[in-house]
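Each structure below appears as structure tokens.
Same chain, two partners: subunit A is paired with subunit B first, then with subunit C.
Here is the complex of A and B:
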């Protein structure tokens, strides 16, 4: 089925966006990225030097995977805007995954700083993909501010708790005019599948792969989970019933 | 000819000179690279990671050699190394960290490594300065530590005493010479044998024949050992495909010391008896005590190229986590902050043995484990230089294990198709 993911006019065949942080080695990262089938992968601009040889960026370039700079580790709108500008300069892309976090214990997004940074970056010509709370109102405000996607969390970054408020994710999907990308909280492949069944356009994950015993195998599981969930979303789940209904009609 | 005078190059120089080889070691500032920053933990168990069983096994092998290595070295050099075998205590700070530690214990078990599980109370009996909120720990009693700066000084002394010649110069270029077809595949004992040993070498590459120094002078050598850490990749003269895939991985590290007031009050030097490694709210930190009372706190791991800047964030993160584990550190003097550049490889494992270029031997890419792996690297590389015999311990660490990115063998059939389609895009990619 031809079903590309469209973000800001760009088309991707894979609906799995990967993060690179926490991978045990470059070699394992390379194998996991290939197994995931991803075409878009985030890199933390504060944690790498774009000019350094043999880095994650070289690896992405060698695999033909588009690098999506993020503003991980920023606590204020101002910091995030600075990092985004550095990334644009260094990587020659005006795409940015915007993260403005409130505290390091929860790593939850700071909604006020996030919206402020989003407005400034959109005004400066960036394609902004904001990591946001699973708050339908904030998601709508981000979209209205001109963001090219909204990326609500399923649960806190790295927690592996899955999607804690499926109802909110449904509400966000229902009213969004831009792609909704489930970001953060994925623990295993079924979580990714559920996100897609809820109507998310894509899933972004990192820890569930990088910290798995076998990252390459988990990356493949995530690829299949996302693909399966997407197909199920299109196919349409059956209505839940209270009692059984025989799948073949009873003989009369 | 050994290029690079860190703990790896110096250990090889010492062992090779001991066996009667004529050894030259080139480094304008021996022991001032990654060695200078290193904490000197000898703890293969605590460093164990999934999919890194071979690195763990090599580390164990090296740890076993350490007591004799250090004793012999201290004797030969007449200098201390700070070697001690007091063990490593790994502790978890909160319940999430305890779950991670439990996973690590299962991994260590599967590697056949013996660690002893301790309750929080037992951890604090072993190390009374630990914070009461510690949740539990693992004790590896055979682990050791030493002072890498003392080690490097002792190694240089021992190597030169054994007859090695230290040239305090930067190597600018690896020299090569053509080989005749008759020489290809010829092999014999001694350095000349090592020089022609690489199996299936492309005769078009020629052979490593010496080095050119920064001042333009040249030195011929039948075998050239690259032990220059992360800089090993950057020498002029290395034919395409022969440069080892090493990159700098920055680590910031702190040294804390007792204050004059503490000493005057007669307090015992040092807050800890043994190395303490902690997982603190998901991040890792270690504290390595020295006999002198110095406490080494490390280390960040940053992919920032050849940048060795000490940053506020790096120091803050280390102190934050170290203080969570051992609140008493705030009273110590912050004596030093340095950043070093570890030689990282794509799979975190070292590159050991003959390179594709005949006459060139690699002993680099030791990443976080250079100090730990020095004895086993020195023993096996020096034996190769003398006899031309590759060591079975190198099986997982052959320098030629990284084909070009696209041609890398796949582990699982289910993903081969993807690798094949993506491989097309990666042909010719520099690695």
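Here is the complex of A and C:
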């Protein structure tokens, strides 16, 4: 079925957004990205290393995958805004995955710095996709600030703990007027499917693929998980019942 | 004159532009951005941006992440 993902007026056929961190090599990354079917993939901004071999940007360009720069590693709004501006200049895109984290142990978003950075970037013309807590109130504030999507975590980055508070994700989906993208915490394909069944518009994941035993195979599993979950969301799940309901006609 | 490029001190004998500083690291600066003392400088202005003693230059690009 024709069911594109729309973010800030741009259309994507795939509802799986990939991260690229933690891949053993660019070759494995390339195969996994192709298997995932993704059309939008995050990159980080770092000091240029003259000794670096190969470029993730060249790889994405060759595959026709749009690069989405992030502000990973930023702890303050000021830092995040500066990195976003560097990314805009380097990559020629005003899209940014906004990450402002509170501490290294949890990598949880710092809500106050996040909102401040979002406001500044929106005012500067950026299309802001914020990585946020699974807090419906903060999600609403980010949307009101002009963000083009909200990206609540399922659980901490890289934890693979899945979606710890499905109720909050449902509440966010229910009231959001922008796409809700489940970002972080996905451990395996069923987690991605659940995110889509809850009504999320897309899933963003990295570690569950990049650190899987077979990243290419897991990328395909994620593609199918997201697609299956999306179809189930449209199809409408049955009501949960306390007792059995026979699916065969009674034997007369 | 000494400038700091990505954390490394660099001694320049004569005048040095931001374009010269970027060229220390890469010959093909596509996908690259530069900042002087924290301020992002548009690529079009790299050649005309003259560096001063003590300037801190950041030259960044996209890497795997996120």
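Some points to look at:
The criterion applied here is as follows: the second predicted complex is superposed on the first by the 243 of 252 C-alpha atoms of A that agree within 3 Å, B and C clash if a C-alpha of one lies under 4 Å from a C-alpha of the other, contacts with A are read in each partner's own complex, and residues count from 1 in each chain.
The criterion applied here is as follows: contacts are C-beta pairs under 8 Å (C-beta built on N, C-alpha and C of every residue); 3 or more make two chains touch, one makes a residue touch a chain.
Please read all numbers here as calculations on a predicted model, not as lab measurements.
On the shared subunit subunit A, the superposed partners subunit B and subunit C are arranged side by side without overlap.
Judged by the touch definition given at the top, the superposed model places A:150 against neither subunit B nor subunit C.
Look at A:198: by the touch rule set out above, it reaches neither subunit B nor subunit C.
Of the two partner chains placed by the overlay, only subunit C lies in contact with A:89; subunit B stays clear of it. When the shared chain is aligned, no partner comes close enough to touch A:80: not subunit B, not subunit C. Of the two partner chains placed around the shared chain by superposition, subunit B and subunit C are both touched by A:56. Of the two partner chains placed by superposition, only subunit C is touched by A:69; subunit B is not. In the superposed three-chain arrangement, the CA centre of subunit A forms the vertex of an angle with the CA centres of subunit B and subunit C, and that angle is 50 degrees when rounded to a multiple of 10. Of the two partner chains, subunit C is the only one touched by A:97; subunit B is not.
Once the two complexes are overlaid on the shared chain, A:16 sits clear of subunit B and of subunit C alike.
After superposing both complexes on chain A, the closest C-alpha pair between subunit B and subunit C lies 5 Å apart. Residues 26, 47-48, 52, 55-56 of subunit A touch subunit B in one complex and subunit C in the other. Residues 19-23, 26, 29, 42-48, 50, 52, 55-57, 67-70, 72, 82, 85-91, 97, 99, 206 of subunit A are the ones that touch subunit C when the two sit in their complex.
Touching subunit A in their complex are the following residues of subunit B: 49-52, 233, 245-248, 281-282, 302-307, 344, 346-348, 405-406, 408, 411-412, 414-415, 418-419, 422, 425-426, 429-431.
Against subunit B, the residues of subunit A that register as touching in their complex are 24-28, 30-31, 34-35, 37, 47-49, 51-56, 58-59, 61-64, 105, 158, 213-214, 216-217, 220.
Those residues of subunit C that touch subunit A in the complex are listed here as 6-7, 25-26, 30-35, 38, 40, 42-43, 58-66.
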